[in-house]
Each structure stands twice: as structure tokens, then as C-alpha cells.
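Going in written order, the chains are labelled A, B, C, D, E and F, and every chain counts its residues from 1.
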Amino acid sequence: MEGIYAFCVGMLTACGIFLTLRGRTFSVVLGLTMLSYAVNLFLFASGRLAINSAVILGESEIYADPLPQALVLTAIVIGFAMTAFVVILAMRARADLGNDHVDGKDPDEVAASMTLNKKGEIN
Amino acid sequence: MLDIAIQIVGLILCVSLILTLYRLLVGPKLPDRILALDTMFIHGIALILLYGIAIENAIYFEAALLIAMLGFVSTSALCKYLLRGDIIE
Amino acid sequence: MKQSSFRLFPMPFHSMLLFVIWLLLNNSLSAGHILLASILAIIIPWGVSSMTTERPRIKKPMLAISYVFLVLRDVISANFSVALLVVGPLKKLSPGFVAVPLDIETELGITLLASTVSLTPGTVSAEISEDQKWLYVHALHLENPEELIEEVKSRYEAPLKEIFGC
Amino acid sequence: MQHWTILPILLPLLVASAMLLPPLSSRIQWLRIASISTLVILTILSALQVATVITEGTQLYILGGWSPPFGIVLVADKVSALLVLLTSFLALCCMIYACADHDKGGEFFHPLFLFQIMGINGAFLTGDLFNLFVFFEVLLIASYALLVHSGGKNKTQAAVHYVVINLLGSSLFLFGLGILYGTLGTLNIADMAVKISQLPESETILAKIGALLLLIVFGLKSAMLPLQFWLSRTYSSASAPVAALFAIMTKVGIYSIFRVFTVIFGDDAGELANFSADWLWPLAILTISIGSLGVLASPTLKLLTSNLVVVSAGTLLVAAALHSELAIAGALYYIVHSTLVTAGLFLLADVIAKQRGQAEDRLVNSRALSQPKLIGFGFAILALTIIGMPPFSGFIGKVMVLNSAESMATRLWIWPVILMSSLITLVAFSRATSKLFWKSPNTKNTTLEKAHPYEVTAIVLLILGAPLLVLFGGPMTEYVIQAAADLHNMDVSVYPLLPEES
Amino acid sequence: MNTLLWLPLLPLLGSLVPLLTARYHRNVCTLFTAILPFIALLLVAQMTPDVLNGENHYAAAQWIPLLNLNIAFRLDGLSLLFSILILGIGLLVILYARYYLSPNDSIGKFYSFLMLFMFSMLGVALSDNLLQMWMFWELTSISSFLLISFWGHKSEARKGARMALTITGAGGLCLLAGIIILGNVVDSYSLQVILESGEIIRAHSAYPVILVLFLLGAFTKSAQFPFHFWLPHAMAAPTPVSAYLHSATMVKAGIFLMARMHPVLADTELWFLIVSLTGLTTLLLGAYIALFKHDLKGLLAYSTISHLGLITLLLGLDTRLSTVAALFHIINHATFKASLFMAAGIIDHETGSRDMRQLNGLWKYMPHTATLAMVAASSMAGVPLLNGFLSKEMFFTETLHQAALGSLSWMIPVLATVGAVFAVAYSMRFIHDVFFNGEPINLPKTPHEAPRYMRVPVEILVALCLLVGIFPGFIIGDLLYAASLAAINGPVPEYSLSIWHGFNYPLLMSFVATAGGLVIYYFRQHLFAFQANFSEPDAKLIFDKIVKNIIKRSTTLFNLLENGSLQRYNYLLISLAAIMMAAPLMDLSTTLGVRPELPYNIVDVTAAVLLVIGALTTAICHRRRMLALISLSIVGFVVSLAFARFSAPDLALTQLSVEVVTAVLLMLSLFFLPQRAQKQSNPRRLIRDLGISAVVGGLIGTICYALLTRPLSSISDFFIANSKTGGGGTNVVNVILVDFRGFDTLGEITVLGIAALGIYKLIARMKLFMPSSDYKGRPWSNDGHPMMLAVLSQSLLPIALLVSAYIFFRGHNMPGGGFIAGLITSVAIIQQYIAHGVDWMKHRVKVDYQILIGSGIAIAALTGVGSWAFDKPFLTSWFDYFYWPVVGKFELASAMIFDLGVYLTVIGATMLILANLGKLTTSERPIQKEEV
Amino acid sequence: MNFYVEAIASAILVFGGVFLLVGSIGLARLPDVYMRLHAPTKATTLGIAGVLIASCIIQSYRQESLSISELLITLFLIITAPIAANMIAKAALHHEIDPIERTKGQELIATAKERTSPPAPETEAGKETP
């Protein structure tokens, strides 16, 4: 089980990072969300895996480590707040900058203007 | 006997989930995918309930309830998006 | 538009429903839960009453209950037939669209009818015309459109109309 | 008295949330009065806290009565008390400045500002690693919101970069935290310091990875190379009072490095004792270099100041790499000094920008300032201070850091870099001076708006630090050396924070 | 207070005087400015007898013990000599400047800077603590920067000042390094200590480094080759400044340093070699170039360089007598050079030109000034009966008595003579070219004699030249002895200050120099013609070019590194993380730990497959954004299931509810962002990114596995044990959240609240393009609010609220809690927005979400404050069990109020975001702008 | 556990499972989106209801008290499933997704999409009651 779990965490991390390295805000947001899944699972794993041992007193015989669960809860909420902010920020960037590239410059447009510049450049 | 039933249903759910995933990936159109996702949510409910039965514990009931409620919100939001773009207009 | 006067139960049906659901959720009939259920059954409708539009009242509750059982029976039987259709050879299926003219007028009635249609034999409500006079239905296996329309109207629409008294 | 330690966190939190509620939320005047009085009280409180810490030693605040390592504990030692005081004072200055109508550039400036203070103070005070994460997030989210205050393309663009990079950083923080909890089984920093030395070998390696991830996160906050890229753009595009307040933010990262890497992974960490130094060395030196490069390359005063923040971060990282008491003491002094000065420069740059019309704060010829003498005087002091020229505070901090490199080999690494950066700053500032103050045609422009009295007050307050830190250099250095000693001494920094039996 | 402390302090206070008196007549300003330095001079005079008697004055106060930086002053012979020069010439310059500066110049500012400089210079001279001396050293650089750039509107003044500052600043930094190393060697910066530790220092391995660093400081300050080039350009300063800085003070600071440190650093081969050769080179170079300068001040500048070289050479020679000679020449050079600068200033002032090609025959117009200048210039040339002659004779003598260069030592007297030849020549030029040599050419002004009192300073200085030249022993003997005593820090050798030493080699050398100088001057035109072949490099231009080049290069490099690409920054961050994870991981022998693994079944595998495929689909299809979003939902869903599977029901619930709200947000953003992105990444970047992602994913996976298979002993048992008894709840996770670590939760909801406020700010002035069709160009459906959905949503709302109440109340004991309840409520309300739209809701829900946030956070925080009333720390929980007749036993806990705060904040935050986002687009909707 | 209870519960559970499978098979197998809609709306709903009821029985038996909270989920799904199906159908119509060729009444798709009355021939026969 641990192997599968670790593999999944690694996979989510890899996909999340790949997405955050993309150039469009939406992909980056997707990536950050994905990464936060990975992070939460990872942090959760720091208490080790346990089956049928929810930390409700009296409901199980053995208990999982409750602390990482609480930490992950906090992390989920904070992650949610951050995702919400970055989503709206992406919209704002589109509104202000006219495109959805993370650098605020559409590479195509930049390439076009670069060729123009080079012709008229004096400096 | 119940154990066997649980195992059978577990197997069924796995097959079902894979079939749903197949539809979700293949599409061909977005409504197909949304339908598949919606079905997946319901399978999730079944999975959780089955797990509850298997581990003889009812503490996951709320999770199932929540999937039922929130899955619907999700599906309707997705469809609304396809219809109108703006889901909260 | 409505309620200038205070009402203890702005949504009586919902209040009842909430009361029951609370007890269901808690799997308990203890005095404490009954008290809590009552309080919530009163408070929540107050809170949301501003967000609800006026609803037609159920005029014939008994009929409503029998309608529920009718639908439940149809759901189960429909499922067996659909299961066979789905698993069986697909070539034999002849799907189709039909437009069911609607007599029932309230939004709630139409919604209930459309929902019933979706839950029962081989039909899914696909769309309702803007003037709420037509219900577009997709059938998995459509042999005779007229028959289907007739069945919908007589089997489901009629009792619904009666329940809401319109 | 009993609850003082938590007030730097609680007071801004409560006032900020009250600012969202009706009587206060509606009128800007009331908000201003509330903000400024809160910050004045906070400054006084934190000054008293420093006094308490001096006389009575480290103050603990055990939240919820759950004693460590189980509950969260706030630790006001000499280091955190000093930084809280610094934050409060800086915030007061920035707020005074902001009240010259800078707070009208968007909604919720005042509550967000106070939330930001709460986050920073929380990060300084907490003795719990996860709680540190939470306060990091508080201060980050508040900084995101403040960054976009008063709008504009540049701010949005900078915000996108800043937010995304920091979100990545937060992910790394949690990975690191997960590893550390997964190996040490505790979150209290003092407890971690005890547990780390008892770790079996294979877990040591895992803990090391966790610590390195934290190092990246703190490095990211403190603008360590190669993570410093976000800084110049972010700081230079933020509105002035916000940028000035941000001057303390890199210090939060540095502080965290000190906390984690001298207390947990310090001299007593067994196999992992001071392992971070190997990594910090090159990064610190490169940070100073790239910051200096940026100082030379900066076309505007705000960018210049931003890059100076990078340089000072690099200098502080050098101290972290040296990790001796003297180095940390120097760093603490340097933190106070550089925070005040860079904040002052950010504010001054804003005033200059406003008085130069279209040229803003670009280092080009343009029309004369309307208050050249006043601004020039302030600029001269700030410039000298940040360059590290006597008689202002810069040189003491710099000399302390230089002094703390004891072996000839380390000196060979550090000194040229730090001294070169001073020289480069000198060159950049002499250039800036001549562009901003001399090259302007001598037509005096009186039609332009003059600096608002609030703005002048704020800048003067910040500038005061430069001579005062020198004048009271004796007690100040005495304080920081004790603070650094406390940080290094397990008997003082760790054991008192833990229950006796463990 | 010790008298000695007043010495530097008076000029410091004096720097305020002119600012205060500037508004009055300039005579008043001048007078008042002069008072304080005059008092200081009197103080010096008062202390002089003691010092001459060998009793040094000390004053010290503790300042920064940690750095060994104390306020410490000493007045010994050397500092006495310099103090007299600084104050005396300073006073003369004050008087002179009164007439020199034009009414346009702000005399108050000028005097203030001048006093500041005087303060710094005195500080250097008097410091008994090296670090403190360094402070003053740097202050001289700064104040001279202000003085040189006094005419900031002139380009050459700005550039000259910047260059001076840069060079001397760099030297200052080297000096600082040297001082710190030296300080570490002897563990003190106190001169008293250091001067006693010469042997230790010279024997120390760091000595060469210390020496070089000190000399770099001294050479840059004293304009020694190759750092000499800044000095001529500092001539852009007003002439009083030149007279002060370049005769007696600023440039002498370097010399002073060498003299001061002489007992410590000298007496080694290295010292002799570096110092004497540098001095010699500078001497020759300065003397040679001076001859060709057409600018009066240019000539004087290079002559200054040359003389500084001479003094340096003397300090570098290995006899003690040479040090005496150096000190003597310091005095003499100060007097004649100051007077020459002043004379040049008068000429400039009265004729409007400094170009010797224009200035001719001024003897006729200003005979008085001419006389003075000629006397001073003769002193510079080394004409007998003038002070310059005496020290030059001593210099020649010393060049003959040394062996620093071994068998090449003969070169030193020869080259010294060569330098003297040129000195005579340029002095001759100064006299002849300006005061004779025909008629003036195209002068801007008609020349005439300077004002009476402007000449007074020159007269005094020239008189000194004469007096010292004729009665050297009487006038200067004691002072020179005292200074020598200090500079040698040992027995001062016998020397004679008489005018006549008989016929000897030095006299011969003087004679040769004079004759040679006259010859060269006579044939100067040939030399000028020869020199014209070499275009003279303009140091200012070169320096400017270098600086500009460095800035340009750095800008290019910096922009190359910091190219504004987030992708690069992210990549760097991630790469660093990868390196930092991988490096230690290589030391880990095995990832597998000893903890037994859990069994897995087919469902687990299926879930993993769903997760992985969902993640991969999201990553691969990220350009088809809707599909990516749907696949991401699968991932989130499976993650929630995983939490349920691994015994974390609270997490499952939270993840589920967060999931939906996130999805809604993403869809909202998707509406405004392009719904599909064109293919962009170049393949190289794609492979790079794939590589790093795989590496990091692999590393994280490995670490995760390593953690999972290792046993853990954590503090958690405490929570399980105390949850019920101490926190009053059976849901341990919830009790941790609201009690054990309630502070985290308080922070967490604050984050949420702040995020909402920030988002509100972002939305407030957003101008969005409203796409009127989807990515395939299909116009949107005409059914804004599907009827069935609307009807059902209304019915669901009360049920959802009930469920959220249920979740809220049970949270403390069973999975649930304020946060999840808040999200459920929010989702229920969002569902109403989706079904009915903002306009419909606007009239029905009149809740100010901002107030919800504020009150939520406040309630949570105040719950914590409440425990103060019971004298408990913040957030101490309280709970108790009650029994009511009908209801039965129930529990009340402060944690529930805290949780209520959480609940309200969550609703407030979520709704503030979504409702405002909705509102915004509704009001814009009718515009139906086409996408660009 | 009582044999009969266990047997009944197991049967219902398996019954539910089978219908869940049928639903998924339909989803995967049926040729167009409109036909696919039928499978999850009906079969899956019934299937989940089966599982829920089984759960009801088992948990009630185990806890020795009536545990029928699962009915709430059933109720919920039965209410929402048709609406969800309707929304998806609307979306499909809106995207003008073509049904398979042999579908009858294809002419209705256009009017359904525009939410107008169906074309004339069908509306005949005086079906509208006044």
C-alpha cells in the first residue's frame, strides 16, 4: 500500500510541477492545485498510513496519528484561500494586461514586436 | 457471505469506475465527460458506503452524503458553464 | 411581494421535512434531538424564506403518497428493462426524441413531471420550452411516439395535476 | 503583563477584524485613527517587551495552557522581541505615510495592513514550526493583497509572479514540514532541537532533506539566490508604504533561518550540526553579487532600493552561513538598520517620484524637485547609511559582519564581495545623486506638490534610526550579542521551553 | 569634558553656524563661521607646549565595546602638526572664500561643508582608535565630495566629485579591511596599543595583507600612481576648496596615515619597495605632466601629485631621517601650495581665465599678487631662503643615503634630480607664463588687483614660507621634532635645520635641478611639440566610460539573468529544490524502512489508477481547459476518498467541500480566460520541464516512501489521551483544531478572510472582456436560469443548511466542524447563485459578507481572549456537561463559539469572493464585448 | 450476524452492485450522449439505492438500533439525478451534439435547443387543451 501511495504522491507532484512550469496562468493554477493535493497527501503521510483507525475516540481500536490530519486540514484551508486568490489574480492579470501569459506578454506578440524593433533600433 | 458480497461489489465498482474513466477520457464531447464525472461521484458514494460496511463503521456516512450534495452542485455548475459560460451571472 | 405578516412556518412542508431529516441524520429520537430538530425546522425556513418563491400547496396528500409509490415501482421495473436494453445488442435500439405537450402549469409541477419522466422507463427529460408548454423527452427505445406521449400524460401528468389541484 | 507576549499578534488582529465591522469600516478618518493608535500602542508595548526580556529573560506564552511540546507556544526572547519592536515601529512609520491619502487607493487598506503586521509579528514570536507556516501564510496573503493596492498593470504583473512563486514556496514548506514531522514526530522548535540529536542515521538524512527544503522556503522569502528574482519587481511596483513595510519581509526569512538553523540544526544537532553552512556560503555570496549587479543596473530609485534589499539579504545570509554568535549579532544589528533605511528609501523614492513629474523616480535628467534641500538631506543620510559609510548605522552592521569572519579563508570569500558591494552601492548612489539632485535644470518648480507633512514625518522617523543606532551603538551591540548568545545557547534557548521531565 | 574632545567637536558644531547665519550679510556669516575653528586653534595653542615637551594629550570614552570602537583622541606631535595645518589653513581659506565665492553661491552651504570637512580631517588626525579614524577618513571622502561638487550644475564638477569619491571610497574600503585584520591581530584598535605592537604585527603572517590594504587606502587618498588621476579632476571645485583639500588636508590624509602607521608597518623590505617606488613614480609622473598643463590649477594639481610622490618616497626610504624630511616637506608643501592655489584663484577670479596661454603679463595688472605668487612658486621650485628649498635639500640628502634598491640605489638620487628639474621648469612656467611673457590674450575680464582681504591669507602663507625658509629652527624646529618623535616612535636622529650645509651633493643636485629646469623651460616649445604627439588621455572621460560600460554590461547581464520570465524563476526554484533533495538522498542507503507495509486490494489499485490517469490527463490536456478541469476534479475526488480510506474522515469531508468551491472558482475564471490555449512551448522547454518534473516527482515519491516505511514516535499520544478529558471532544482532530492548536486555526481563518478581502480588492476595479460565445464561437444558450435547476435548488437550500448545522454541531465529537459546515452553507448559497443568478439573489440576500468575515474572526479571537477573565492564557478552552430535564445531558464548550467564528468566516470569505465576482460580470454583461 | 439478515443484505448489496455495473456499462457502451444519459440516471441511481439500503440494514443490525440515515442520500440522489440529467441533456443540445443517425424525431433537436415549440406537424391534433 505504501508503495502505491508514494507513487501517487510522486505522480501528483510531477504533474503539478509540470503544470506550474507552463506559461499560461490557468495551467499554472491547475498545477498549483495539483501540487497542493500532493503536498496534502505528503503531509498526511508524515503520520504514516492507517486503515480503519479514525481518530474518533471509541470508534476504533487503534488510532491513526491525528496531528498530521489537523495540519493537513489547516493546509487545505490555506491552500484553498491561496488558490482562490491566484485564480482571481489570473483574471485580473488578463483584464489588466490583455493576455493570460504569466509574464503578461504574449510571446507571439513579443516576437512580432521584436522583429519590428530590430529594424528601427538605433541603440 | 457478506464478505463475499462486499468483495463482489468491490470488484464491480472497480470495473464500473474504469468504465466511467474510459468514458471520461474518450468523451467525445464535454457533456459525455460531465456525465462520466457525475457517475463517478455516485460510484464514490457506493465505494464509501461499501467501505463503511466492510470496516463495520459508519463514520464515513457524512462523506457519502457530502458527495451526493456537492457532486450535484459540481455537475450543475459544469453544465451551466457549458450553457452560459458564466456560472454565476 | 409576499409576507408582510410574520409566519411561524413560512414553508410548512420544508419544516416538516427538516424535522424528519434531522432525526434521520442523527438516527435518534431522543428528546434533545426532537427539541433541536424543532428549533432548526423553524429557524432555517425563516432564514431562507426570502430566497424562495411562492409554491403551490399539496392539495391531496394521500394521492401524493400513492404517486410516490407508483414512481418507485416504475423506477424499479424501468430499470430492469433498461438494464436489458443496455446490456443487450445495441443495434436493436431505436432511440428518438419526442415533444410532450404540457398541461400542468406550475414550475414545481413541471419539474416533478420532468423528473419522474427521467427516472422512469427509458426516457430522459431533455428540455422544456421557454413558454413551459412542451417537454422534450429522449427515449432510449422509441417504438411509438404517440404512445409514449400518452403514457406520460396519463400516467404521470394527470395525477400530478390533481395533487396540486390545477 | 501576563499576556503581553501575545498582544503584538492579537491587537492588530482584533483591530483589523473590527475594521471590517460597521462603526469603524465606514469612515477613513476613523480607520486612520484606529490604525495609528494601534500601532503606537504596539510600538510602546513591544518596547516594554524588549525591556522585560532584558530584565527577566525569555518570555513564554503557552497558548491554551497546553504546555510544549504539545501545544503552541510563543517565545519572546531577545531576538524576537527586538524584531517585533522593529516591525511595530516600521509599521507605524509606513502607516503614517499611508495616511497621506495613500490608503485611499483601494479597499481594505487598513485592515490588510494590520493583518500583515499580525502575520509578521506572529512569525517572529512563534515557537512552533507549523504555526510559523501559518503565520507565513498570513503575512503572505496580506502582502499579496497589499501588493495590488491602488492597482495598475505593473502591480498586477508583479503580483502574478510573486504569488505563484510564493505558492510554490509554500508547497515546499509543507513538504519540508512533513518530512521533519515524519522523522522527529514533533513540531515545537525547541523540542525538535532536542529530538534531532537523538535521531538514527537513516532518519538524519531525511531530516536533512526536510531542513533543506525549509532553507529554500526561507531563502525564497529572504531573497536568496537564485530565488531573489521576484523581489526587485515586486517591491518596486508596490505602493510606497507597502514597499516600505515589505522591507521587513525578507527579514522574516532570515529570522527563520536563524531560528531553525541555529536552534534546531545548530551546534548541538549531532550529525546535522550546522550543515546548512555548506549550502549557504555560495548562495549568500552569489546573492550579494547579483544584488550588486542589480544595484548597478537599476534604472529607477525604487528598483535600486529593491536591489539593495537583495544585497542586504545576501549580507545577512553570509552571517547565517558564518553562524557564529558574533555573526548573528552583527546580522541582528544589520537587520534593524537595513530595514529602517530601505523603508526610508522606498518612501523617499515615492516622494521624489511625485515631485519629478513624468520622470518619476527614474535616474534620468528631469525637472527639479520642489523641495530639493529637505529631500536631498534625507537622501544623503539614507544613502550614506545604506552604503555603509560612517557616521551612520550602516558601517557598524557591516563591520560587525566583516569582523565575524574569523579565518583568513572565509575572509577571502566574504570581504571582497561585501566590500565590492559597498563600493558598487557608492557608485550607484553617487550617480543617482547627480541625476536626481544636480542634473536638473535650476528652474525651481514651486507649482508641484510638496510632500505631505505625514510623509515627511514618516521619513524623518525612519531616518532617525540611522544616527540613533550609532549613537546608542554600545547598548545596541550589547543587546544583539546577548540575543545571539541566547540563540546559540541550548540551555537558554531550548531547555526552558520544554517541560522539565523530558 | 576633556579639552581635546572639543577640538573636533568645535568644527562639527561650526558646521551648523553658517547655516544659521547664512541669512545675514556674508561678512557676518564668515565671522561667525570663523569663531569656532579659531577657538579650536587657540585650544591647540594652549596644548602645544605640553606636546612639545613630550606630554601627549589623550581623551577617551567608551562607545561600542563589542567592536573595540571607542571614542578616543590623542594629541601627539604628529596630530599637533596636522591640527595646526588643518585649523590654520582652514581659517585662511574661510577668509579667502568670503571674497572668492560669488553672490550666487550659497556661502552658508559652502562654509557648512567646509566645516564638516575640517571636522572630519581633524578627526583623522586626532583619532586614537583606528576604527574611529576610519570613520573620519570616510567622512573626509564624503565631505570632500560635497565640496568638490559644490557647483553641481557643472558637469565636470559632478564627474570630478564622483570620481574622487569612487577612488577614495574604494581605498577607504580597503583600509577598513586592513584595519579590521590589524585589529584582530592585536585585538585592539587603539593606536596606543598598536603603536606598541609593531614587532608583532610585522612578524604576523597577515602583515603583507595589512600593509597592502593600508597602502591602498593611503595611496588612493594621496593620489599616488596609479590612483592619481582623480585629483586633477577634483580641481573643478571652487579654488578655496582646492587650496584647502589639495595642499594641507585631504590628500595629506594618506600621507598622514603612512606617517601614523610608520612605526608599525614600516621597516620592512616590502614597505620600502612598495612605498618608495610608488612615491618615485608619482613624483616623476606628476612633475613631468605638470609642465604641460595649460590650466593654472591643472599645473598645480600635477605638481601636488608630484610633491605627494616626493613625500611618499621619503616615507618609503629606509632611514629615520627621511621621515623627518617627509614631515618637514608636508609643512612646506602645505604653505606654498595653499598660497599658490589661492593666488591662482585670485587670478582666475580677476581675469576670468586660468589658461596660461591667455594669461600673460599680469605683473602689470596685479603686481602684489604676482609677487606673492612668485615667492610661493620659487619655494615650490626649491629656491634658497624659502622653505621649499630646505626640505628639498633634506630630500636630496636622504636619496643619497639609502639602499632600498640594492645596487640600483643610485637611480633614486638621479631620478629625484630629474623630478626636481621638472619642478623648477613648471614653477618657472607658472611665474613666467602668467606674469610676464607679453600681453594677456582675450581675457574675459580686465585684470586688476584682488580685494585687500582676499590677499591677506596669501600674504600670511607666503610670509610663513619666507620665515620658515630663513629661520627654520626657530619657527618650526620644535614642532617638527615633536612630529618626528610621534612618526618614528623612537629616538629621533640628529638633523640640522640650518640653511647652509656647505657645498655637498644635495646642493649640487639643487643646482643641477635649477639649471636643468631653466633649460627645459627655455626649450619648452620643443617639448610641447613633442608631447603633442601623445594625445593626453582624459581620465575623467575614461573613468566615465568605464563606469558607463560597467553599468551597461551589468544591465545587460542583469536583464539576461532576470528576464522577467516566471517560468524561469519557477524552474530555478524547483531545480534548487531538486538538488537539495537529491544530494542528501544519495547518502541514504535504502529507502525501505522497517515498518511493515499495509496490504492493498483491487479497489486501492483502481483508485490509484484513477488518480494517476486524472493527473496525467490534466497535465497533458492542460490546453483543453475544461477537460483539464474535469480531470482535476477526479484527482481531488480520489484524494478525498484516500483520506477516507486512511482513517481521516474530517479530511475527506473538508477536501470534498473545498473541491467544489475550487471547481466553481476555476470555472468562473475560465469564463474570462481563453478557454483554450494555443500550443506554445518549444520542444526543448517541454523536455526540460518534463525532466525536472519527473525528477522532483520521483524524489518526493521516494522520500514519501522512505517516511512511510519507517516507524514514527510522535507527540500525538498526548492528544489522544487528553482529547476527551482536556478538550471535551471525542473527535481528536477537531479538538486539535479548536483547542490544542486552535491558534493555527485562528491564523488559518485569518488567511481565508484576508484572501477574500484581497480578492475583493482585485475584483473592485477589474475590467474584463466578456466573451459572447464559447471557444468554438457558439453563442451562449438563451436559458440563463434553467427552470428545473432553479426549482430544485430552492428546495435543497434548507436541507443543505440543516446538513451544515448537523455537521457543525457534531464536529467536536464526530467528523465535521465549523469549517466544513461553513463550506456546505456556502456551497448551498452558491448553488442558489448558479440556479438563480446574482440579480435574483441580490434582492433576497442582504448580508454584508465583509461583516461576516470581521465578526467571524473577532468571535474566534475574542473566545480566546475570554479565557483571560479566568486568568488563563489565550485560547484556553472551557467545557462542561449539563443536565436539563427534557433534553437530557449535553455539553457546552467554548470551542463551539470558536468554531462558530470559523463557520462565519468561511461563509463570509467564500461568499464575498463568489458573490462579488458574480455581481461584477452581471453589471457588465449587457456590453457583450467581443474578445480581442 | 443473523443469517437471514446477512443474506438479505448481501443480496441487496449485490443487486445494487449489478445495477451500478449496468449503469457504467451503458455509459461506456451506448453510442451517443443522449442514450448514455439513460444509464447513469436510472441504473446507477437504483444501484446506489441498493447499496444504501444494504448499508441501512447492516448498520442498523450492527448498532442494534434503526440506522436509516442512508435513506437521506437515496432521497437526495433520486431528487437530483433527473435534474443533473436534464442539465447534461441541455448542454448536449446546446452544443448541437448529433445523436446517432437512426434516432427518431431529430427535427426536434433544433427547437429543443432554442426552447421553442416543436415544428408544426407534431403540434397538430389539437393536443393543447385550452
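Following the convention adopted for this analysis, contacts are C-beta pairs under 8 Å (C-beta built on N, C-alpha and C of every residue); 3 or more make two chains touch, one makes a residue touch a chain.
The structure displayed is predicted, hence computed values, not measured ones.
Student: Hop distance check: subunit A to subunit C, minimum number of steps through touching chains?
Tutor: 2
Student: Specify the chain most distant from subunit A by Cα centroid.
Tutor: Following the centroid criterion, the farthest chain would be C.
Student: Quick check for you: compute each chain's CA centroid and the global CA centroid, then name the chain with the smallest gap between them.
Tutor: When every chain is reduced to its C-alpha mean, the one closest to the whole-protein mean is D.
Student: Tally the contacting C-beta pairs at the C-E interface and at the A-E interface, and name the larger one.
Tutor: Most C-beta pairs in contact, of the two: A-E.
Student: Just curious, how far off is subunit D from subunit C if you go by their C-alpha centres, in Å?
Tutor: Using C-alpha averages as centres, the distance is 62 Å.
Student: Roughly how many whole angstrom separate the Cα centroids of subunit C and subunit F?
Tutor: Measuring from centre to centre gives 13 Å for this pair.
Student: Express in whole angstrom the distance between the two chain centres, defined as the mean CA positions of subunit E and subunit F.
Tutor: Computed from C-alpha means, the inter-chain centre distance equals 72 Å.
Student: By the touch rule stated above, which residues of subunit C touch at least two different other chains?
Tutor: Residues 21, 25-26, 111, 114-115, 125, 128, 130 of subunit C touch two or more partner chains.
Student: Residues of subunit A that touch two or more other chains: which are they?
Tutor: 16, 20, 25, 28, 38, 40, 42, 45-48, 51-52, 54, 56, 59-60, 67, 71, 74, 78-79, 81-82, 85, 89-90, 92, 96, 102-103
Student: Multi-chain contacts only, two chains or more: what residues does subunit E have there?
Tutor: 564, 566, 570, 574, 605, 645, 649, 668, 670, 700, 707, 712, 714-716, 719, 740-741, 744, 748, 751, 754-755, 758, 762, 781-783, 786, 788-789, 792, 795-796, 799, 803, 814-815, 917
Student: Can you name every chain pair that touches?
Tutor: Pairs of chains that touch one another: A-B, A-D, A-E, B-E, B-F, C-E, C-F, D-E, E-F.
Student: Under the touch definition given earlier, write down the residues of subunit E that touch subunit D in their complex.
Tutor: Contact set of subunit E toward subunit D: 62-67, 69, 131, 134-136, 138-139, 141-142, 145, 149, 152-153, 158, 161-162, 165-166, 169-170, 173-174, 176-177, 180-181, 184, 206, 547, 550-551, 554-555, 557-559, 561-562, 564, 566, 568-570, 572-574, 576-577, 580-581, 584-585, 587-590, 593, 700, 703, 706-707, 710, 712-716, 718-719, 722, 726, 739-744, 746-748, 750-751, 753-755, 757-758, 760-762, 764-765, 850-851, 853-858, 861-862, 864-865, 868, 871-877.
Student: Under the touch definition given earlier, write down the residues of subunit C that touch subunit E in their complex.
Tutor: 11, 14, 17-18, 21-22, 25-26, 30-32, 35-36, 40, 44-45, 47-48, 50-53, 107-108, 110-111, 114-115, 125, 128, 130, 132
Student: Which residues of subunit A touch subunit D in their complex?
Tutor: Touching subunit D: residues 16, 20, 25, 28, 32, 35-36, 38-40, 42-43, 45-48, 67-68, 71, 74-75, 78-79, 81-82, 85-86, 89-90, 92-93, 96-97, 102-104 of subunit A.
Student: State the interface residues of subunit F toward subunit C in the complex, per the touch definition above.
Tutor: Within the complex, subunit F contacts subunit C at residues 19, 22, 25-26, 29-32, 34-35, 37-39, 41-43, 45-46, 63, 65-69, 71-72, 78-79, 81-83, 85-86, 89-90, 92-93, 99-100, 102-106, 108-109, 111-113, 115-118, 122-123, 127-129.
Student: Which stretch or stretches of subunit F touch subunit E in the complex?
Tutor: Touch list, subunit F to subunit E: 76, 79-80, 82-83, 86-87, 90, 94-96, 113-115.
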